[in-house]
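The letters A, B, C and D name the chains in turn, as written, and every chain counts its residues from 1.
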(Lines give C-alpha, C1' and ligand atoms only; values in the text may rest on other atoms or scores of the structure.)
Protein backbone atom coordinates (compact mmCIF):
# COMPACT_ATOMS: atom_id res chain seq x y z
CA UNK A 1 0.00 0.00 0.00
CA UNK A 2 1.14 3.51 -0.78
CA UNK A 3 2.27 5.28 2.37
CA UNK A 4 -0.14 7.54 4.25
CA UNK A 5 0.93 10.26 6.63
CA UNK A 6 3.61 12.84 7.23
CA UNK A 7 7.29 12.77 8.23
CA UNK A 8 6.95 15.44 10.93
CA UNK A 9 4.45 15.64 13.78
CA UNK A 10 4.02 17.57 17.01
CA UNK A 11 2.03 16.98 20.19
CA UNK A 12 1.83 20.18 22.23
CA UNK A 13 0.19 18.55 25.25
CA UNK A 14 2.08 16.12 27.40
CA UNK A 15 1.71 15.13 31.04
CA UNK A 16 2.24 11.79 32.75
CA UNK A 17 0.29 11.68 36.01
CA UNK A 18 2.45 10.36 38.82
CA UNK A 19 -0.38 8.41 40.42
CA UNK A 20 -2.73 5.66 39.31
CA UNK A 21 -5.68 3.55 40.45
CA UNK A 22 -6.60 0.12 39.20
CA UNK A 23 -4.85 -3.01 37.88
CA UNK A 24 -1.42 -2.66 36.25
CA UNK A 25 -0.48 -2.08 33.47
CA UNK A 26 -3.78 -1.44 31.64
CA UNK A 27 -5.03 1.06 34.20
CA UNK A 28 -1.70 2.76 34.96
CA UNK A 29 -1.91 6.46 34.12
CA UNK A 30 -0.09 6.78 30.83
CA UNK A 31 0.55 8.96 27.84
CA UNK A 32 0.79 7.33 24.45
CA UNK A 33 1.89 8.29 20.97
CA UNK A 34 0.18 5.86 18.62
CA UNK A 35 2.36 5.45 15.54
CA UNK A 36 1.11 3.88 12.31
CA UNK A 37 3.56 2.94 9.60
CA UNK A 38 1.43 1.80 6.67
CA UNK A 39 4.37 1.94 4.29
CA UNK A 40 6.45 -0.97 3.04
CA UNK A 41 9.65 0.28 4.69
CA UNK A 42 10.61 0.30 8.36
CA UNK A 43 10.27 3.77 9.86
CA UNK A 44 13.12 5.11 11.94
CA UNK A 45 11.50 7.52 14.37
CA UNK A 46 13.09 10.22 16.53
CA UNK A 47 11.20 11.86 19.39
CA UNK A 48 12.29 15.12 21.03
CA UNK A 49 10.74 16.15 24.33
CA UNK A 50 10.26 19.86 25.03
CA UNK A 51 9.98 21.14 28.58
CA UNK A 52 9.02 24.44 30.14
CA UNK A 53 12.22 25.22 31.99
CA UNK A 54 15.17 23.60 30.29
CA UNK A 55 16.58 22.50 26.94
CA UNK A 56 14.84 19.62 25.13
CA UNK A 57 15.50 15.98 26.02
CA UNK A 58 16.26 13.32 23.46
CA UNK A 59 16.21 12.32 20.79
CA UNK A 60 14.58 9.06 21.73
CA UNK A 61 14.78 6.50 18.93
CA UNK A 62 12.35 3.75 17.99
CA UNK A 63 11.75 1.74 14.84
CA UNK A 64 8.23 1.00 13.62
CA UNK A 65 8.41 -1.92 11.21
CA UNK A 66 6.77 -1.78 7.79
CA UNK A 67 2.98 -2.32 7.91
CA UNK A 68 2.88 -2.20 11.71
CA UNK A 69 1.53 0.06 14.43
CA UNK A 70 3.30 0.86 17.70
CA UNK A 71 1.51 2.37 20.68
CA UNK A 72 4.47 4.00 22.38
CA UNK A 73 4.08 4.87 26.05
CA UNK A 74 6.10 7.93 26.98
CA UNK A 75 6.28 6.28 30.41
CA UNK A 76 8.58 3.66 28.89
CA UNK A 77 11.13 6.04 27.35
CA UNK A 78 14.35 5.63 29.31
CA UNK A 79 17.22 6.49 26.95
CA UNK A 80 18.79 9.05 27.14
CA UNK A 81 16.67 9.85 30.27
CA UNK A 82 13.19 9.07 31.64
CA UNK A 83 10.36 11.51 30.87
CA UNK A 84 9.63 13.28 34.17
CA UNK A 85 6.28 12.60 35.90
CA UNK A 86 3.83 15.33 36.92
CA UNK A 87 5.63 17.66 34.52
CA UNK A 88 4.32 19.47 31.49
CA UNK A 89 6.03 18.61 28.23
CA UNK A 90 5.48 18.56 24.47
CA UNK A 91 6.98 16.43 21.72
CA UNK A 92 8.10 16.51 18.12
CA UNK A 93 8.12 13.21 16.25
CA UNK A 94 10.13 12.79 13.04
CA UNK A 95 10.34 9.76 10.79
CA UNK A 96 12.16 8.88 7.59
CA UNK A 97 8.98 7.58 5.95
CA UNK A 98 5.42 8.90 6.26
CA UNK A 99 3.66 7.82 9.45
CA UNK A 100 0.46 8.80 11.26
CA UNK A 101 0.54 9.94 14.91
CA UNK A 102 -2.29 10.12 17.45
CA UNK A 103 -1.98 11.18 21.08
CA UNK A 104 -3.89 9.46 23.90
CA UNK A 105 -3.84 9.69 27.67
CA UNK A 106 -5.40 7.47 30.32
CA UNK A 107 -5.60 9.35 33.60
CA UNK A 108 -6.38 7.07 36.51
CA UNK A 109 -5.40 9.38 39.34
CA UNK A 110 -8.95 9.13 40.58
CA UNK A 111 -11.05 6.00 41.04
CA UNK A 112 -12.65 6.28 37.61
CA UNK A 113 -10.38 6.66 34.61
CA UNK A 114 -10.56 9.57 32.16
CA UNK A 115 -9.43 9.49 28.54
CA UNK A 116 -8.34 12.02 25.98
CA UNK A 117 -7.16 11.59 22.41
CA UNK A 118 -6.38 13.75 19.41
CA UNK A 119 -4.69 13.44 16.09
CA UNK A 120 -1.28 15.12 16.36
CA UNK A 121 -0.26 18.14 14.27
CA UNK A 122 1.22 17.16 10.91
CA UNK A 123 3.68 19.48 9.24
CA UNK A 124 3.05 19.78 5.51
CA UNK B 1 -24.79 18.49 -2.18
CA UNK B 2 -21.20 18.59 -3.39
CA UNK B 3 -19.13 15.97 -1.60
CA UNK B 4 -17.07 16.92 1.45
CA UNK B 5 -14.13 14.92 2.71
CA UNK B 6 -11.25 12.78 1.55
CA UNK B 7 -10.86 9.33 -0.01
CA UNK B 8 -8.12 8.20 2.38
CA UNK B 9 -8.06 8.33 6.17
CA UNK B 10 -6.03 6.84 9.00
CA UNK B 11 -6.69 6.26 12.69
CA UNK B 12 -3.45 5.50 14.50
CA UNK B 13 -5.10 4.65 17.82
CA UNK B 14 -7.22 1.58 18.21
CA UNK B 15 -8.05 -0.59 21.21
CA UNK B 16 -11.22 -2.47 22.08
CA UNK B 17 -11.39 -3.06 25.83
CA UNK B 18 -12.32 -6.63 26.59
CA UNK B 19 -14.52 -5.72 29.55
CA UNK B 20 -17.56 -3.53 30.10
CA UNK B 21 -19.93 -2.25 32.77
CA UNK B 22 -23.52 -1.15 32.27
CA UNK B 23 -26.46 -2.04 30.03
CA UNK B 24 -25.80 -3.58 26.60
CA UNK B 25 -25.26 -2.47 23.88
CA UNK B 26 -25.09 1.27 24.60
CA UNK B 27 -22.61 0.91 27.45
CA UNK B 28 -20.53 -1.91 25.99
CA UNK B 29 -16.91 -0.79 25.59
CA UNK B 30 -16.55 -0.07 21.91
CA UNK B 31 -14.46 1.59 19.27
CA UNK B 32 -16.21 3.38 16.46
CA UNK B 33 -15.30 4.86 13.09
CA UNK B 34 -18.02 7.37 12.28
CA UNK B 35 -18.32 7.60 8.51
CA UNK B 36 -20.18 10.42 6.76
CA UNK B 37 -20.97 10.17 3.08
CA UNK B 38 -22.49 13.52 2.13
CA UNK B 39 -22.13 12.79 -1.57
CA UNK B 40 -24.82 11.65 -3.95
CA UNK B 41 -23.14 8.32 -4.68
CA UNK B 42 -22.85 5.28 -2.46
CA UNK B 43 -19.37 4.97 -0.96
CA UNK B 44 -17.62 1.63 -1.11
CA UNK B 45 -15.30 1.61 1.87
CA UNK B 46 -12.35 -0.65 2.62
CA UNK B 47 -10.79 -0.84 6.08
CA UNK B 48 -7.35 -2.33 6.75
CA UNK B 49 -6.35 -3.12 10.34
CA UNK B 50 -2.68 -2.75 11.31
CA UNK B 51 -1.28 -4.65 14.27
CA UNK B 52 1.97 -4.55 16.18
CA UNK B 53 3.20 -8.05 15.63
CA UNK B 54 1.84 -9.42 12.37
CA UNK B 55 0.75 -8.51 8.85
CA UNK B 56 -2.40 -6.36 8.45
CA UNK B 57 -5.89 -7.83 8.60
CA UNK B 58 -8.58 -7.12 6.05
CA UNK B 59 -9.69 -5.50 3.98
CA UNK B 60 -13.08 -5.24 5.64
CA UNK B 61 -15.72 -3.91 3.27
CA UNK B 62 -18.78 -1.78 3.99
CA UNK B 63 -20.99 0.45 1.87
CA UNK B 64 -22.18 3.82 3.15
CA UNK B 65 -25.17 4.86 1.07
CA UNK B 66 -25.38 8.31 -0.52
CA UNK B 67 -26.33 11.06 1.96
CA UNK B 68 -26.05 8.75 4.96
CA UNK B 69 -23.83 8.30 7.99
CA UNK B 70 -22.66 4.98 9.42
CA UNK B 71 -21.24 4.63 12.90
CA UNK B 72 -19.21 1.50 12.39
CA UNK B 73 -18.19 -0.43 15.50
CA UNK B 74 -14.87 -2.20 15.05
CA UNK B 75 -16.33 -4.71 17.52
CA UNK B 76 -18.75 -5.80 14.79
CA UNK B 77 -16.18 -6.50 12.07
CA UNK B 78 -16.13 -10.25 11.52
CA UNK B 79 -15.07 -10.85 7.91
CA UNK B 80 -12.31 -11.87 7.14
CA UNK B 81 -11.64 -12.14 10.93
CA UNK B 82 -12.74 -10.43 14.17
CA UNK B 83 -10.68 -7.52 15.46
CA UNK B 84 -8.84 -8.84 18.53
CA UNK B 85 -9.79 -7.46 21.99
CA UNK B 86 -7.33 -5.92 24.42
CA UNK B 87 -4.92 -5.50 21.50
CA UNK B 88 -3.42 -2.35 20.05
CA UNK B 89 -4.24 -1.70 16.43
CA UNK B 90 -4.55 1.09 13.87
CA UNK B 91 -6.62 1.44 10.73
CA UNK B 92 -6.57 2.88 7.23
CA UNK B 93 -9.94 3.66 5.67
CA UNK B 94 -10.28 4.12 1.91
CA UNK B 95 -13.37 5.03 -0.08
CA UNK B 96 -14.20 5.55 -3.72
CA UNK B 97 -15.94 8.88 -3.02
CA UNK B 98 -14.99 11.57 -0.48
CA UNK B 99 -16.12 10.76 3.07
CA UNK B 100 -15.43 12.17 6.54
CA UNK B 101 -14.12 9.93 9.34
CA UNK B 102 -14.13 10.50 13.09
CA UNK B 103 -12.86 8.08 15.73
CA UNK B 104 -14.65 7.55 19.06
CA UNK B 105 -14.22 5.12 21.95
CA UNK B 106 -16.47 4.40 24.89
CA UNK B 107 -14.47 2.70 27.63
CA UNK B 108 -16.70 1.19 30.30
CA UNK B 109 -14.15 -1.09 31.96
CA UNK B 110 -14.74 0.80 35.17
CA UNK B 111 -18.06 1.75 36.71
CA UNK B 112 -18.12 5.19 35.08
CA UNK B 113 -17.62 5.40 31.35
CA UNK B 114 -14.89 7.43 29.67
CA UNK B 115 -15.01 8.85 26.16
CA UNK B 116 -12.51 9.95 23.58
CA UNK B 117 -12.97 11.25 20.06
CA UNK B 118 -10.89 12.81 17.34
CA UNK B 119 -11.17 13.58 13.69
CA UNK B 120 -9.11 11.02 11.79
CA UNK B 121 -6.09 11.90 9.63
CA UNK B 122 -7.05 12.79 6.05
CA UNK B 123 -4.55 12.24 3.30
CA UNK B 124 -4.53 15.10 0.81
CA UNK C 1 -9.16 41.07 12.55
CA UNK C 2 -8.79 39.13 9.33
CA UNK C 3 -11.12 36.14 9.31
CA UNK C 4 -9.80 32.75 10.36
CA UNK C 5 -11.41 29.48 9.40
CA UNK C 6 -13.26 27.75 6.61
CA UNK C 7 -16.73 28.02 5.04
CA UNK C 8 -17.42 24.29 5.11
CA UNK C 9 -17.10 21.86 8.00
CA UNK C 10 -18.21 18.34 8.85
CA UNK C 11 -18.68 16.43 12.09
CA UNK C 12 -18.98 12.71 11.40
CA UNK C 13 -19.85 11.78 14.99
CA UNK C 14 -23.15 12.78 16.51
CA UNK C 15 -25.21 11.26 19.30
CA UNK C 16 -27.39 12.91 21.92
CA UNK C 17 -27.79 10.60 24.92
CA UNK C 18 -31.42 10.43 25.97
CA UNK C 19 -30.63 10.34 29.68
CA UNK C 20 -28.75 12.56 32.11
CA UNK C 21 -27.61 12.82 35.71
CA UNK C 22 -26.97 16.02 37.65
CA UNK C 23 -28.25 19.59 37.75
CA UNK C 24 -29.86 21.09 34.64
CA UNK C 25 -28.87 22.52 32.23
CA UNK C 26 -25.08 22.37 32.79
CA UNK C 27 -25.04 18.62 33.42
CA UNK C 28 -27.67 17.62 30.88
CA UNK C 29 -26.18 15.23 28.33
CA UNK C 30 -25.62 17.37 25.26
CA UNK C 31 -23.85 17.64 21.95
CA UNK C 32 -22.42 20.99 20.94
CA UNK C 33 -21.02 22.61 17.82
CA UNK C 34 -18.87 25.48 19.00
CA UNK C 35 -18.84 28.13 16.29
CA UNK C 36 -16.35 30.99 16.22
CA UNK C 37 -16.86 33.90 13.87
CA UNK C 38 -13.74 36.05 14.22
CA UNK C 39 -14.62 38.04 11.11
CA UNK C 40 -16.15 41.49 10.94
CA UNK C 41 -19.32 40.26 9.21
CA UNK C 42 -22.19 38.28 10.64
CA UNK C 43 -22.03 34.64 9.58
CA UNK C 44 -25.17 32.99 8.22
CA UNK C 45 -24.79 29.32 9.05
CA UNK C 46 -26.67 26.32 7.67
CA UNK C 47 -26.51 22.93 9.34
CA UNK C 48 -27.56 19.69 7.63
CA UNK C 49 -28.06 16.57 9.73
CA UNK C 50 -27.23 13.19 8.17
CA UNK C 51 -28.81 10.02 9.50
CA UNK C 52 -28.25 6.32 8.92
CA UNK C 53 -31.63 5.33 7.59
CA UNK C 54 -33.29 8.28 5.88
CA UNK C 55 -32.67 11.45 3.88
CA UNK C 56 -30.92 14.37 5.67
CA UNK C 57 -32.78 16.77 7.95
CA UNK C 58 -32.53 20.52 7.71
CA UNK C 59 -31.11 22.88 6.90
CA UNK C 60 -31.16 24.44 10.33
CA UNK C 61 -30.25 28.12 10.22
CA UNK C 62 -28.43 30.25 12.79
CA UNK C 63 -26.56 33.53 12.63
CA UNK C 64 -23.29 34.02 14.48
CA UNK C 65 -22.69 37.77 14.82
CA UNK C 66 -19.37 39.34 13.84
CA UNK C 67 -16.62 38.81 16.44
CA UNK C 68 -18.74 36.41 18.48
CA UNK C 69 -18.79 32.74 19.42
CA UNK C 70 -21.89 30.56 19.68
CA UNK C 71 -21.90 27.22 21.43
CA UNK C 72 -24.81 25.63 19.65
CA UNK C 73 -26.46 22.67 21.33
CA UNK C 74 -27.87 20.20 18.83
CA UNK C 75 -30.42 19.46 21.59
CA UNK C 76 -31.89 22.91 20.98
CA UNK C 77 -32.43 22.59 17.22
CA UNK C 78 -36.18 22.46 16.64
CA UNK C 79 -36.84 23.88 13.17
CA UNK C 80 -37.57 22.13 10.80
CA UNK C 81 -37.59 19.19 13.27
CA UNK C 82 -35.87 18.15 16.52
CA UNK C 83 -32.67 16.11 16.30
CA UNK C 84 -33.60 12.61 17.46
CA UNK C 85 -32.18 11.31 20.77
CA UNK C 86 -30.24 8.06 21.15
CA UNK C 87 -29.71 8.12 17.38
CA UNK C 88 -26.50 8.25 15.41
CA UNK C 89 -26.13 11.26 13.15
CA UNK C 90 -23.50 13.43 11.46
CA UNK C 91 -23.55 17.06 10.36
CA UNK C 92 -22.28 19.41 7.69
CA UNK C 93 -21.95 23.07 8.64
CA UNK C 94 -21.73 25.76 5.98
CA UNK C 95 -21.26 29.51 6.45
CA UNK C 96 -21.00 32.50 4.17
CA UNK C 97 -17.86 33.78 5.92
CA UNK C 98 -14.96 31.76 7.38
CA UNK C 99 -15.72 30.28 10.80
CA UNK C 100 -14.09 27.71 13.08
CA UNK C 101 -16.02 24.66 14.34
CA UNK C 102 -15.27 22.36 17.26
CA UNK C 103 -17.40 19.43 18.42
CA UNK C 104 -17.98 18.62 22.10
CA UNK C 105 -20.19 16.19 23.98
CA UNK C 106 -21.01 15.95 27.66
CA UNK C 107 -22.34 12.50 28.45
CA UNK C 108 -23.96 12.31 31.87
CA UNK C 109 -25.86 9.06 31.44
CA UNK C 110 -23.89 7.70 34.37
CA UNK C 111 -23.25 9.38 37.71
CA UNK C 112 -19.93 10.85 36.62
CA UNK C 113 -19.84 12.85 33.42
CA UNK C 114 -17.60 12.06 30.45
CA UNK C 115 -16.38 14.54 27.87
CA UNK C 116 -15.13 14.40 24.32
CA UNK C 117 -14.06 17.13 21.93
CA UNK C 118 -12.43 17.46 18.55
CA UNK C 119 -11.87 20.07 15.94
CA UNK C 120 -14.27 19.42 13.09
CA UNK C 121 -13.15 18.57 9.53
CA UNK C 122 -12.57 21.69 7.42
CA UNK C 123 -12.96 21.46 3.68
CA UNK C 124 -10.18 23.31 1.87
CA UNK D 1 15.56 22.43 14.76
CA UNK D 2 13.53 23.95 11.96
CA UNK D 3 10.32 25.43 13.29
CA UNK D 4 7.13 23.37 13.17
CA UNK D 5 3.67 24.82 13.34
CA UNK D 6 1.62 27.80 12.29
CA UNK D 7 1.44 31.47 13.27
CA UNK D 8 -2.32 31.52 13.65
CA UNK D 9 -4.58 29.18 15.60
CA UNK D 10 -8.15 29.09 16.84
CA UNK D 11 -9.95 27.16 19.58
CA UNK D 12 -13.71 27.40 19.12
CA UNK D 13 -14.57 25.68 22.40
CA UNK D 14 -13.85 27.37 25.72
CA UNK D 15 -15.46 26.99 29.12
CA UNK D 16 -13.92 27.18 32.58
CA UNK D 17 -16.12 25.34 35.06
CA UNK D 18 -16.66 27.42 38.20
CA UNK D 19 -16.49 24.46 40.55
CA UNK D 20 -13.96 21.73 41.31
CA UNK D 21 -13.40 18.62 43.38
CA UNK D 22 -10.06 17.27 44.56
CA UNK D 23 -6.65 18.59 45.58
CA UNK D 24 -5.51 21.97 44.26
CA UNK D 25 -4.07 22.89 41.81
CA UNK D 26 -3.77 19.63 39.82
CA UNK D 27 -7.44 18.76 40.16
CA UNK D 28 -8.86 22.28 39.84
CA UNK D 29 -11.18 22.48 36.84
CA UNK D 30 -9.14 24.22 34.19
CA UNK D 31 -8.84 25.02 30.51
CA UNK D 32 -5.42 24.94 28.95
CA UNK D 33 -3.82 26.03 25.70
CA UNK D 34 -0.66 23.97 25.34
CA UNK D 35 1.85 25.98 23.32
CA UNK D 36 4.96 24.45 21.78
CA UNK D 37 7.68 26.67 20.39
CA UNK D 38 10.17 24.30 18.76
CA UNK D 39 11.90 27.18 16.98
CA UNK D 40 15.15 28.86 17.95
CA UNK D 41 13.50 32.25 18.57
CA UNK D 42 11.28 33.31 21.44
CA UNK D 43 7.62 33.45 20.39
CA UNK D 44 5.58 36.50 21.28
CA UNK D 45 2.03 35.25 21.54
CA UNK D 46 -1.23 37.21 21.58
CA UNK D 47 -4.51 35.64 22.65
CA UNK D 48 -7.91 37.16 21.89
CA UNK D 49 -10.97 35.84 23.72
CA UNK D 50 -14.31 35.82 21.87
CA UNK D 51 -17.56 35.81 23.81
CA UNK D 52 -21.20 35.30 22.88
CA UNK D 53 -22.63 38.62 23.97
CA UNK D 54 -19.97 41.32 23.81
CA UNK D 55 -16.84 42.48 21.98
CA UNK D 56 -13.67 40.36 22.33
CA UNK D 57 -11.39 40.61 25.36
CA UNK D 58 -7.65 41.00 25.14
CA UNK D 59 -5.19 40.72 23.67
CA UNK D 60 -3.48 38.75 26.40
CA UNK D 61 0.28 38.55 25.86
CA UNK D 62 2.72 35.78 26.77
CA UNK D 63 6.18 34.84 25.57
CA UNK D 64 7.12 31.23 24.95
CA UNK D 65 10.92 30.98 24.95
CA UNK D 66 12.79 29.24 22.15
CA UNK D 67 12.71 25.42 22.40
CA UNK D 68 10.20 25.46 25.24
CA UNK D 69 6.59 24.49 25.87
CA UNK D 70 4.10 26.44 27.95
CA UNK D 71 0.85 24.95 29.21
CA UNK D 72 -1.14 28.13 29.62
CA UNK D 73 -4.18 27.98 31.88
CA UNK D 74 -6.90 30.37 30.76
CA UNK D 75 -7.78 30.45 34.47
CA UNK D 76 -4.56 32.39 35.05
CA UNK D 77 -5.12 35.15 32.47
CA UNK D 78 -5.70 38.37 34.40
CA UNK D 79 -4.54 41.24 32.18
CA UNK D 80 -6.44 43.09 30.78
CA UNK D 81 -9.26 41.18 32.59
CA UNK D 82 -9.94 37.68 33.96
CA UNK D 83 -11.62 35.15 31.70
CA UNK D 84 -15.14 34.73 33.07
CA UNK D 85 -16.10 31.39 34.68
CA UNK D 86 -19.11 29.31 33.64
CA UNK D 87 -19.17 31.28 30.40
CA UNK D 88 -18.78 30.08 26.83
CA UNK D 89 -15.86 31.59 24.96
CA UNK D 90 -13.50 30.91 22.06
CA UNK D 91 -9.96 32.06 21.35
CA UNK D 92 -7.60 33.06 18.57
CA UNK D 93 -3.89 32.63 19.21
CA UNK D 94 -1.31 34.45 17.11
CA UNK D 95 2.47 34.23 17.29
CA UNK D 96 5.37 35.83 15.48
CA UNK D 97 7.06 32.47 14.88
CA UNK D 98 5.44 29.10 14.10
CA UNK D 99 4.06 27.33 17.17
CA UNK D 100 1.80 24.33 17.81
CA UNK D 101 -1.38 24.66 19.91
CA UNK D 102 -3.44 21.97 21.62
CA UNK D 103 -6.53 22.53 23.76
CA UNK D 104 -7.22 20.53 26.94
CA UNK D 105 -9.79 20.74 29.72
CA UNK D 106 -9.93 19.01 33.08
CA UNK D 107 -13.47 19.14 34.41
CA UNK D 108 -13.65 18.19 38.08
CA UNK D 109 -17.11 19.53 38.84
CA UNK D 110 -18.11 16.01 39.80
CA UNK D 111 -16.23 13.61 42.03
CA UNK D 112 -14.44 11.93 39.13
CA UNK D 113 -12.59 14.10 36.66
CA UNK D 114 -13.28 14.19 32.93
CA UNK D 115 -10.80 15.18 30.24
CA UNK D 116 -10.97 16.47 26.71
CA UNK D 117 -8.25 17.47 24.28
CA UNK D 118 -7.91 18.40 20.63
CA UNK D 119 -5.38 19.93 18.35
CA UNK D 120 -6.44 23.51 17.65
CA UNK D 121 -7.33 24.80 14.17
CA UNK D 122 -4.28 26.05 12.27
CA UNK D 123 -4.72 28.70 9.62
CA UNK D 124 -2.65 27.94 6.52
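What we mean here is this: contacts are C-beta pairs under 8 Å (C-beta built on N, C-alpha and C of every residue); 3 or more make two chains touch, one makes a residue touch a chain.
Keep in mind that what you see is a predicted model, and the values were worked out from it rather than measured.
Undergrad: Comparing centres built from CA atoms, which chain ends up most distant from subunit A?
TA: Centroid comparison gives C as the farthest chain from subunit A.
Undergrad: For the two copies subunit D and subunit C, is the contact made of the same residues on each side, with over half of the numbers shared, or of different residues?
TA: different
Undergrad: What is the distance, in whole Å, between the centres of subunit A and subunit C, each centre taken as the mean of its C-alpha atoms?
TA: Centre-to-centre distance between subunit A and subunit C: 30 Å.
Undergrad: How far is the middle of subunit A from the middle of subunit B, if each middle is the mean of its Cα atoms, in Å?
TA: 21
Undergrad: Give the residues of subunit C that touch two or more other chains, as numbers and ranges in rising order.
TA: Expected reply: 111-112, 114-119.
Undergrad: Along subunit B, where are the residues that touch subunit A in the complex?
TA: 8, 10-15, 48, 50-53, 55-56, 86, 88-90, 92, 103, 105, 107, 109-112, 114-121, 123
Undergrad: Within their complex, state which residues of subunit D touch subunit A.
TA: Counting only subunit D, the residues touching subunit A are 1, 4-5, 22, 26-27, 32, 34-36, 38, 67-71, 100-102, 104, 111-119, 122.
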